Amino acid sequence: MNEKKDIQIITRPTKAEIEQAKINFSPRCTSAGRVNDKETQKTVQFILNFARKHSLFLLAYGTGCGAIEIPATLTSRYDAERLGIRGAATPRQADVLMITGYLSVKTLKRVIRVYEQMQDPKYVVAFGSCTINGGMYFDSYNTIKALDRYIPVDVYIAGCMPRPEAVLKGFAKLQELIQNGNAGNGECYRKNLDWYRANQQKVIKNWNFPDEYNW
Amino acid sequence: MELMIFFLIITAGTLITFFIDDISRKLTGYAAFLTILTGIVYYASIPMGTVWQMHLLGFDLKWMRSPAGDFFAWIVLGLGLLSLMYAIKYMEGKARLGYFYAAFLVSLGAMTGVTISRDIVSLFIFWEIMTWSSFLLAIYKAYYGVETKGIKYILFSSMGAYAMLTAIVFIVHYYHTTDLNTLWQAGAFGFSRHWFIPAFMLFGFAVKAAVMPFHVWAPGVYTRTPMAYTSVFSGAMSKMGIFGMLLIVAGLSRLDIGWIRFILGWAGGITAALATLQAVRQNDAKDLLAYSSIAQLGYIVTALSTGTRMGLMAALYLAVLHAAFKGALFLVAGAVEKQAGTTDFREVSGLIVRMPWTFFTALISVIALAGVPPLGGFVGKWLVYESLITETHSYFLVIVIFFASTAAFLYAYRFLFGLFLGQQEHNTEDVHEASWWMLVPMLVLSLVSILTGVFPGLVFKPAAKALSDLHLPSDGWQMSILHNAWNNGVDTITVGSTIVILFLLTAAFITLKGRKNTRRTGTKDISTSGEIPQPDDNLNFQSGFFQPFERAIGKPYRWSMDRIWTDIGTSLAAFFRFLRKIYTGNAQTYVFYVIVFLIILLLFRKQIF
Amino acid sequence: MENWLYELTGFVLTILLAFTVGMFYGGLRRKVIARAQNRIGPPVYQNFLDLLKLQGKTTNIHHGVMSHLAPVWVIVAATASLLFIPVLHGGLWFPNLTFKGDLIFLLYLMVFGSLGMALGVGESGNPNGAIGVSRGLSLMVGYEIPFVLSLVAVMLQFHTTSLTDLMHYQQLTGHWIALENPFAFLSALFAVLGMFHYSPFDIIGAPAELASGPMSEFGGKYLGSLMTGGSIFAFVKLVLITDIFLGGAGHPELYTGLAGVLIGLGELILKTFLLYMIPVSIGIVMPRFRTEQAVRFFWKWPLAFGITGIIWGLYHQINF
Amino acid sequence: MNTTFVQNKIREVFECRTDILRGNQIRIYADKKSVPPVLLYLKNQLGFIHLNHISCVDWIEDNVFELVYIVYRPEDKITVLVKTKIDRENPVMENIDTIWDQANTYEREIREMFGVEFPGLEAPAEFILEDWQDLPPMRKDFDTRKYARETYETRPGREDARNVRDYIRQRTGEKLPDFAKKYSRD
C-alpha cells in the first residue's frame, strides 16, 4: 500500500488538469463532425459512409512488433475479411493506415510520407501502448511517444500486444466513427499542416521532404 | 517526255541544292524541299498512262506512269516530301548539307524511277542509282563503325545487283526483249521455264526488302543514317523490294506459284518472328525500330506470297501503313535524338511532359504498328490473317505470324515506355518540344494511320487499281467494310465509332467525376514503401526490361544470322587462301605448271589422244 | 427509329448485365476462396461496396494524361468487345453489333485495354508497375498462342470466322464445339487460366513481390474504374468461351419473349459460372509460377493440344 | 583441439592474460595493438574461421571502452573472446574488416552507437540511426531519458511512467554505486 506512494516522484496532476493538458497536447484533429449538413446530401453521405465502413483496405505496413498480430486477424482464425477488411499493397489504394507498435524516428518519417500519399477519406488506427504513450519504449532515445502529435489518429487500440479480438474491437469502433462521420482526418491534417510539420520537424532532424510531393 | 522532264526537274534541283550549300547553308534544306515539291506538283500533272520510250545502247527503255507504279511512287514522294520538310530543322547545324540533300533527292528520284520503269534495264539502272545514293547517306556520319555497316550494306546490295544482272542477261538471252509487259505475257518469271530468272530477281529484291537471311545490313544502316532519311530508307526504299516482288508475283500468278509461295511465305514469317524477338531485347529506340522494320516487312512478304485477292491487298495496304507509321516513328526517334541528345532508353525517359506532340505521334504510330483497332495497322493485320486462314489455308504460318505480332506488343510498349513514359529524370529538364517544321510531318503521318483505320477504302481504291493494272485479283473492295473469303467481315466505321463514343463517354466520366479533388503529381511521388526518392535516385526500370521473356524464349536469342554470314565469309576466305597456294601469282610457278602439264601430255599422249 | 432505340437499350442492358454479373462473380470468388480457407468470407456483394467506396473517395491522384486515361482504355476495351460478342442467341436486345466484327477482330480488341492501361502505368514511373507490365505482356505472348491455335482450329473446322455463325451451328445441331473439337477446347481452357491472371499465373499483380504491380499507383476513382473494367472484362472472356465452345445461351425456337430472355440469361449465367470456377478453383490451391515458367507452360501442353486441335479440325471438317 | 591447447598456443605466441570459461570458451585480454595479430593468428593458425560478433562496452568509471571480439572454431565448437580496452576520450581502434568481411557491419554499428573510430572503414556514415546529431546514444554519458523527455512529448497524465529499475531499487533499498550517481536519473 505504502510502496505505491513511495514511487510517486512526480506529483500526479488532477483530473481536470489532465483533461486540459490533453486538449492542449493534441488539439487539432479530434473528431470534428464532418457530415455534410445539407439535407439533400444526407442520404448520399449515409450510403457512402456505409460503403466506407464495410470496405476498409488496410495498408499492410508493419512498423513494429505488432505487425505479427495482423496476419492472425486477417486469416482463417479471426477472418477480418468478413467485415470487409482486406489488405492493400500500396498507400494509393488503402483507406486505413495501421501503426502496429512502436515508431522509431526513422520509421516515423516513412509513416508520414505513406500517410500523405493515401487518399481521403483515410483513417489511422494506432495499435499497442507504444503509440499511445511510448509503452516500454517511453525512455528510448529513438522512439516517439505520442503518435497524434505527428499524424491524426482515429482509433487507438491499447495493449501490449492487443490480441486480434481487441483489434477487431478497434475496427468496430472505427466503423462506428465512420458511420457517424467522425472519422477520417485527412482534411484536418491538411488544414493544420503547419502545426503537424512543426512537431514532425522537431523530431526528424534532417528534413528532406521535397515540397512538391506534399500538400 | 513529261517523265523525262520530271527527272530533269529533280536533277536540276539536286544540282542547285548541292551548290547552294556553298552560298547559304540555311537555304539548302529549303531548296531541297522546294525541288521535291515542284517535282510532286509536276508529277501529279502528268496524265496516267503517259509513256516515254528511248533506244539506248541497243536497249529499248520504256517508262510509263501506270497505276501500279503510281501507288508506290506516291509512297516515295509523299514520305520524301515530309521527310525533307522534317530534315530542314533536323539537319540544322550539321556538316555537309549539300551532300546530304543532294543524295536524298537523287535517291527519291531514283525510287520514283524504279516505280515508273516498264523495262528491266531501266529498272536496274534506277535500282543501282537508288542503292548508291542511299549508300552515300548511310555513310554520312563518318565515325567508327559506320564504314563496316555501310560496307555490309553495299556488299549485300551488290550481291543482289549481280543476281539481278545475271537474271537480266538470261532474260535477254532467252526472250530477246526487256519490256516487262512482253515478259509477263511470255511467262518469263515462271519457275517452270527457267527457275533461276525469278529466283535471282527475287534474291535482288529480297535484299532490299531485308528478308531473312539477307537482313543483316539493315539494323546497322537504319540506325546510323540520319533519321530524316532513315524514315525514307525504311518506309519507302524497302517498299521498292516489295514492288519488285510484286512485279515478279504478277508474272507468277498466272502460272505456278506453289512452292515459291511456300518459301516466300515462310521466309516472311520467320523474318517477322525472329526480328520481333530481336527488337524486344534492344535498349536503343533506333535499334528497336530497325528490327521492328524488318519484322513488318516480313508480314508484307508473307502477305505478298499468298498471291490472292486479300493477301495482295494486305501487302499493298501494309506497305502504305508501314510507310506511315514506321516513317513517323523514325522521325520521332530523330526528334528525340535532336532534342534530348540520345535515344538510349537507359539514359532518357519521361519525355511525355517535355515533348507532348511527339509523344502523340509516337502513340498513334505505335498503336497502328501493334495493330490495335480502330487504327490503320489493324486492317492490315486482319487482312494478312484472313487471307492466310481463309484463302491459302496456311494454318501454321498464321500461328508464326500471330506470335510475331503478339510479341510486337512488347517492343511497341517498350518504345513508348522507354522514351516517353517512366520517371521524369532531371537530366531531361531542359529538353523541349521539337520545332513545328519537324512536328507537322509527323502529325500528318499519324493522321494517315488514323484515317486509314476507319476508312481503309482510301488505300483500297488505288491499291485495287494498281493490282488490276498488274492483272492481279483485285475485285470487291469497299470503303469501310472488310470481307474475307468465307464472307465474314468487319465494319470499320462501326468499330471506329463505337470505340470513339465509348471512349468519349468514359473519359468524360472519369474526368468530370470529382474533378476538383483530382490532383496531378510528379513521377517521384510514387509508392516506394515510404522511402523518399531524392532527385538523384534513379527509379527507372529500363535495363533488361523483358528479361523474363528473354529467359522464356531461351535458345533463339543465341542464334545469329550475322555470325553465320561471318562464318561463310571466313570459310570462303580460307578456300581462297587455299586457291592462292595454287595460283601463287609467281611466274615461275605458272611456268612449272605448264611444264608439268606438257610432261603429262607427253607421257600419256597415247592414252589421252 | 424504334429499331435504333431497341439497339441502344440492348447496349445499355448488356453492359449493365456484364457489370453486375462480373462484380458478383468477383464477390463469389472471394467467398469461395474464404470457404476453402475455412473462413466465413465477405458477403457476395462486397465488391459493390468496395466500388462505391473507391468512387466515393474525396481526393484522387494521377500522374499525367496517360495515367488519367488508363482506366478508360480498360473500360472501353471491355465494353466494346462485349458489344461485338453475342450475349444471347437470337432475341431482340442482345445481338448488339455481332454482325460487324469477327473473331480475329475480337482478339485484337481484347488486348487494347491492357495495352492502354500499361501506358498509364508506365507514365506513373513506378518501377513495380513497369515490372508488372513487363510480366503481363510476356504472359500475354504466352497464352495468346494456344488461344489463337484453338480459335484457328475452330475456324478451319467450321469455315467461318464469325462468332454468330459458330453459335448458330451449335444451336441448330445441339452439338457443342467443345465436343466437336475437344483439343481446341482444352487449349482454350488453358489460355483462359492465363487470361484471368489467377494463381498460378498471378505474376502480374503479385502483392507480396510487386506491391500489386500495375495497380500500385491507382487509387480512388481510378482504381474503382479499373475494377469496373476488370469485372466487365472477366464476363466478356467467359461469354466468349461459352459462345464458341459451350453452345452459347438462349433458345429462341423454344422460348420467346421475356421468358426466353430470362431462361437464356439463366443458362448463360450457369455456364459462365461453371467455367469461371475452373480458374478460381485452380487458383485456390496453386502457388505462383515465375514469369518464364508461366510463359513456357503455355508453350508445352496447351500448344500441343492446340496443334492437335488444328489437325483434328482438318480431319473433321463440318460444313453447315 | 581443446580449450587448453588453444590457451597454451596463445600463451606461446602472445603475452596476454587468458582464462578458460565454462562452455568451451576462452577469454583473452589483449592490448589494443595486439588485437589484430591475435585475431589473425586465431584465424590462420588455429582455424577460428568465424567472427561471431564485435561488441563494445562502455566502462565509464574506468574511462575506457572495452571491445570484445568473439571468434569461433566450428570443428570443435570453441569460442574465443578477445577483449581489449581503448581510451574513451580518443576512441580509435584498428579496422579488421580485411580479416573478416562481416566485421564491417559490426564496426559500423559500434562507430555509430559509441563513436569509436575505425580508420579506413569504408562504409556510409549512417547505419541504423538516421539523422542523428547528438552524442552517440549507447554511451553511458548520454542521458537517454532526458533526451527522450526533451525531444518526444509525453502524453499528459503519463509523466510518471518510470524506469522499472528505479522502482525496484527503491523498493529493495538498494544503493546506487558511486560512479553511477552522477548519471542517475533521480
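We call the chains A, B, C and D, going by the order they appear; numbering starts again at 1 in every chain.
Keep in mind that, in the parts below, a contact is a pair of C-beta atoms (placed from the backbone, for glycine too) under 8 Å apart; a residue touches a chain by one contact, two chains touch by 3 or more.
All values derive from a computational prediction rather than experimental measurement.
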{"item": "Per-chain Cα centre nearest the global Cα centre, belonging to chain", "value": "C"}
{"item": "Leader among chain pairs (count of C-beta contacts)", "value": "B-C"}
{"item": "Remotest chain, chain A as reference, centres from CA atoms", "value": "B"}
{"item": "Distance from the mean Cα position of chain B to that of chain A, given in whole angstrom", "value": "62"}
{"item": "Chain A and chain D: spacing of chain centres that average the CA atoms, whole Å", "value": "38"}
{"item": "Whole-Å gap between the CA centroids of chain B and chain D", "value": "71"}
{"item": "Distance between chain centroids, defined by C-alpha means - chain A, chain C (Å)", "value": "40"}
{"item": "Two or more partner chains touched - positions in chain A", "value": "90-92, 109, 120"}
{"item": "Residues within chain C bordering two or more other chains", "value": "57-61, 211, 216-217, 220"}
{"item": "Shared-contact residues (touching 2 or more other chains) in chain B", "value": "517, 521-522, 524-525, 527, 529"}
{"item": "Full enumeration of touching chain pairs", "value": "A-B, A-C, A-D, B-C"}
{"item": "Residue ranges of chain B touching chain A (in the complex, touch as defined)", "value": "517, 521-522, 524-525, 527, 529-532, 534-535"}
{"item": "Residue numbers on chain C that touch chain A, as the complex places them", "value": "30, 34, 37-43, 46, 49-50, 52-53, 56-61, 207, 211-212, 215-220, 223"}
{"item": "Chain C to chain B touching residues, read off their complex", "value": "55, 57-66, 68-69, 71-72, 75-76, 79-80, 83, 97, 100-102, 104-105, 108-109, 111-112, 115, 118-119, 122-128, 130-131, 133-135, 137-138, 140-142, 144-145, 148-149, 152, 155-156, 159-162, 165, 211, 216-217, 220-222, 225, 290-292, 295-296, 299, 310, 314"}
{"item": "Interfacial residue positions of chain B with respect to chain C in the complex", "value": "350, 352-353, 363, 367, 370-373, 378, 381-382, 385-386, 389-390, 393, 395-396, 398-399, 402-403, 406-407, 409-410, 412-413, 416-417, 421-424, 484, 486, 488-491, 494-495, 498-499, 502-503, 506-507, 509-511, 513-514, 517-527, 529, 539-541, 545-549, 551-552"}
{"item": "Residues on chain A engaged by chain B in the complex (per definition of touch)", "value": "61, 90-92, 109-111, 113-114, 117, 120, 208-210, 212-213"}
